[in-house]
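Down below are the structures I want you to see.
Below are two complexes that have chain A in common, paired first with chain B and then with chain C.
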Partner chain A sequence: MKRLLKMLPSLLRVGFAENIAYRAEMLIWVLATTMPFVMMVLWRSVAEHFPIVGGMGQTLGPLQMTHYFLAVFVVRQVVSAWAAWEMNFEIRQGTLSMRLLKPLSPLISYAVNGLTGLPLRLVVALPVLLIFFLLGGLRDGAEYRLFFLLPLALLGGWLIVLFAHMSIGSLAVFTGSSIRIMEVWMAAFFVFSGYLFPLDLFPDWLASIGDVLPFRYQLGFPVQLLTLSLRMEDALILLGKQWLWVVALGSLTGLLWRKGVRRFEAFGG
Partner chain B sequence: MSGVLRLLGASMWRYFKLLGIQLKASLLLSMQYRADFFIDAVISLFWAATAIAPLWVVYGDKVQGKIPGWSLGEAMLVVGCFVFLQTVLDGAIQPSLQTVVEHIRKGTLDFVLLKPADAQFLVSTARFQPWKASSFLASLVIFAVAFARLGFWPSLGNWAQGALLLLLAVVLLYSLWIWVVSAAFIVVKVDNLTFLLSSVFDIGRWPSSVFRGILRWVFTFVIPTALMTTFPAKALLGVLSWAELGLAVVCTVIFAVVSRWVWLRSIRRYTSASS
Partner chain C sequence: MIEVENLKKYYSVFRREPGLKNSLKALFRRHTTEVKAVDGLSFHISEGKRVGFLGPNGAGKTTTLKMLSGLLYPSGGKVLVDGHLPHKRETSFLKKIILVMGQKQQLLWDLPPLETLELNRAIYEVPMPVFRKRLGELTELLGIGPQLRTPTRQLSLGERMKCELAAGLIHGPKLLFLDEPTIGLDVSMQQTIREFIRSYNEREGATLILTSHNMDDVEALCPRILVIDKGRLLFDGSVAELVAQVKPEKRIGLRFEGSSLPENLEAYGRVISAGAGEAILQLGLGEVSEVLGQLLTRFAIKDLTVENPPLEEVMSELFSKHALTRNEEAAEFS
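Coming up: the complex of A and B.
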């Protein structure tokens, strides 16, 4: 642990420098996250003509829909990872063996790599967050203390995404490639996370399925906190469930990774 | 005159045969990964479901809303066109043009330019991914469900019009991609740019009536997603006016001609990396 803390500053520095080197790619990746805006256009146009009622009985008009999807964009920038693609590539190419030689668990170096991309993504996300607040119209009498839960919820969301990526990435050792599994995960994420519509608008039976899946805790829950559309007691329960998922997926990652490394033979390494 | 025609015919026939050869090469390559067909089919159904899900929620019991001017079945036709075009993009346009970008970066485009056939034709048909065709099935399923909901079947004329407009849409999409690839001659690392353009194409998911004012204009003429998905859906519904049909034809011709011109200019600029 102490060794890790000593290594951490240089790891972060190297990772950040790498991200700066590929800043154009990163910027384009951020700009290519257009889906929240595509959805915003749809939902605004529906909300202009039809009264939509959210989970707390609040009206979701065009302004609230704009709020919601701006929040989705910001949260998506914070809770994203690409460890699964990285791991698939390195396992196939055999370059994972280089990482294994280092006196540091590859899992930690993947995590740090992901973390160092954050500052650049925030360069785009923070102005959007500013617009979010400038638009005003957050509900009167809303529970502003929900903002205090946000850092913990964002961390939890990010860890769920990261562990999911690492678990699926580890599977590549067994199957040769797990990119397709990742695609199925992404499709489910789209539907059940609140990425395409506020989850309150789901039919009840689907909402209860979504409640036990990890996806809404990645994105939908932090978005609900940011848009202040939860009651405090519900928020605390959701936070608890979120961290249960963090622990569960973290353990799964540890298990799959240990089994995977034992099986891994560097091809041509 | 007849000589010119015969010459034209002969060269068409030659390109037709070349297309066959290129297709066969891609097919042989894909045959090595046969199992992928089934996996791709399942995954494309998943993605088609995510394309439909927002509509299903909009028109569902909780919201009971609608996109102004469009019933659920009609809006599903637009999504069907979108899924269809995305398939063409992922299966035929994107893989080929990705190889051009590689060629430019490595300087191996010389070998393509040396061949005794049109370079744009060769690079555009360089690589197909036949297994992506499985998501054509997904778009057919969407069309079938949409028409079942609407409770009618388009007339033969409407089918023809819809098919023509989808064909125009493919040409439009291809022309846009040629522009992006031509940018590769200048900025070299462009694979991200094609990624960006495919996310802009996502806007074609919805009928163009969700846009207001300037945006509607932009998505008709600048990035013509309205022409690509809303117009074919209208044609299938039999509500496309002749003026709109004419607009689609004219726009497509302009885009195609300009993209050919841009390509030729870019080729002239190309200085191979090796010499």
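Coming up: the complex of A and C.
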């Protein structure tokens, strides 16, 4: 740990330099995550014509829909990772070897690489967050202490995304490529995370499925905290569930990675 | 430093015939074959030595290097590198070695190589004064001052390889595994890389194992060579010993006065090439002094060289002899 802390400033600095070098790619990635704005327009129009009642009995009007999707955009920028694509590429090309030969776990490299993209993404996310607050009209009598849970929830959300990416990335050693698996994961993410529609709109049976899957804890839960649409006691329970997912996916990552490296050692790259 | 006993690496490889029907069949039933990439290899290398690892494609050279550097887990046998079991990839072991693969790079593609060096400084925990000193030495020896500050993607292949070597050596490894380090480089760049590798070995006392299809690399750098084929050791010794064993001949280069050649040159040995006033003869080792005496007394010779046959030819002869032996053995057992 002491070793890692010592090398961390250099890892972050070089990683950040790499992200700046990929600025065109980063811009395209940000553009690719603007779907919440499209959904915002769509759901605002629905909310104008049909009153929608949220899970706490609150009305979800056009303003609330705007809040919700701005929050989705901001949270998505914060909890993003792309380790699965990086790992897939390196496993297929055999360049994972070069990482394995260094006295630093490749998993830490992937995590740090993901983290170094955050400052650039914040450049886009923070103005949106400012608009979010300037719009005003957050729910009357809302529990503002929920904001205190937000950093922990964002960290939990990011770790879930990161570990999911690393687990799926590790599968590439066994399957040759795990891009398709990532696509299935992303499809489930779009449905169950609250990315395309607020979780409040789910029928009970679908909500109960979503509750036991990790996707809402990646995005929907931090968004609910940011929009103050939870009760404190419910938020704490969800936070507990979120961190259970962090532990579960972290363990799965460790297991798949160790098995993956053993297979890589057996068959080469 | 390196002890290898009866080292083995076997792989299971999927086999599939071409065509749609066979593709569909392969979905349900896969045929696998066992490939013996390395099959009972044994050798020892002492500290500070330079050893060439030769063999045709698929001989098991890279697989062996990967086992020595800890990337592959052996199927059998024993390998000990400076007291470490490589596959454990302990931090102390990884800090001592470097594997440079001519076809794979560690340099960050969109950043100047200096950033990769700085990253390696942090990862290998090189103290800043040591880093600065080594960086200065490597920059001077490799002549890469301006290149270190140019994005890797804008460098030529040769410049990239020089920076790749600098990135690999910035932590001062004691063991260098070099897999085809001059592949794709022009002659002068090959020469620069060779000279640099030799000087690093001499200065740092580092042990070096080199695989290359470029025999000039091997002749220039490696007093000892290990030749393998089909994962088995065929030869262990010096280049001169290999030549004496496989192709005990010498090549005599002759430059005559004037532009014409003597008419009966083939009477003295096998004529390899002949041109305006110049010829190369190939002679058996035992005939050299006698034939040279005759040539010098009978013709006006301006210049004369005596060399071993090219290593490429020696190797090719060794492998064809080995293939022949294998076929005979196979015929005996069938």
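Keep in mind that, in the parts below, the second predicted complex is superposed on the first by the 264 of 269 C-alpha atoms of A that agree within 3 Å, B and C clash if a C-alpha of one lies under 4 Å from a C-alpha of the other, contacts with A are read in each partner's own complex, and residues count from 1 in each chain.
We take it that a contact is a pair of C-beta atoms (placed from the backbone, for glycine too) under 8 Å apart; a residue touches a chain by one contact, two chains touch by 3 or more.
The shown structure was predicted, so the numbers you read here are calculated from the model rather than taken from an experiment.
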item: Combined model on chain A: chain C and chain B, fit or clash; value: fit
item: Which of chain B and chain C A:134 touches, first, second, both or neither; value: neither
item: Partner chain(s) touched by A:34 [first = chain B, second = chain C, both, neither]; value: first
item: First (chain B), second (chain C), both or neither touched by A:180; value: first
item: Touched partner set for A:104, first chain B, second chain C, both or neither; value: second
item: First, second, both or neither for A:262, with chain B first and chain C second; value: second
item: Chain B versus chain C as contact partner of A:6, first or second or both or neither; value: second
item: Vertex chain A, arms to chain B and chain C (CA centres, degrees, nearest 10); value: 80
item: Touching partner for A:190 - first (chain B), second (chain C), both, neither; value: first
item: Which superposed partner A:95 touches (first chain B, second chain C, both, neither); value: second
item: Which superposed partner A:14 touches (first chain B, second chain C, both, neither); value: second
item: Chain B versus chain C - smallest C-alpha distance in the overlay, whole Å; value: 7
item: Residues of chain A contacting chain B in one complex and chain C in the other; value: none
item: Contact set on chain A toward chain B in their complex; value: 24-25, 28-29, 31-35, 38-39, 41-47, 49-50, 52, 180, 183-184, 187-188, 190-191, 196-197, 200-203
item: For the chain B and chain A complex, residues of the former touching the latter; value: 39, 43, 46-47, 49-50, 53-54, 57-58, 60-68, 189, 192-193, 195-196, 199-200, 202-203, 205-206, 209-211, 215
item: Touch list for chain A against partner chain C, complex; value: 3, 6-7, 9-11, 14, 17-18, 21-22, 93-95, 97-98, 100-104, 262, 264-269
item: Chain A-facing residues of chain C, complex; value: 11, 63, 66, 69-73, 87, 89, 91, 94-95, 97-99, 101, 104-106, 108, 110-111, 115-116, 118-125, 151
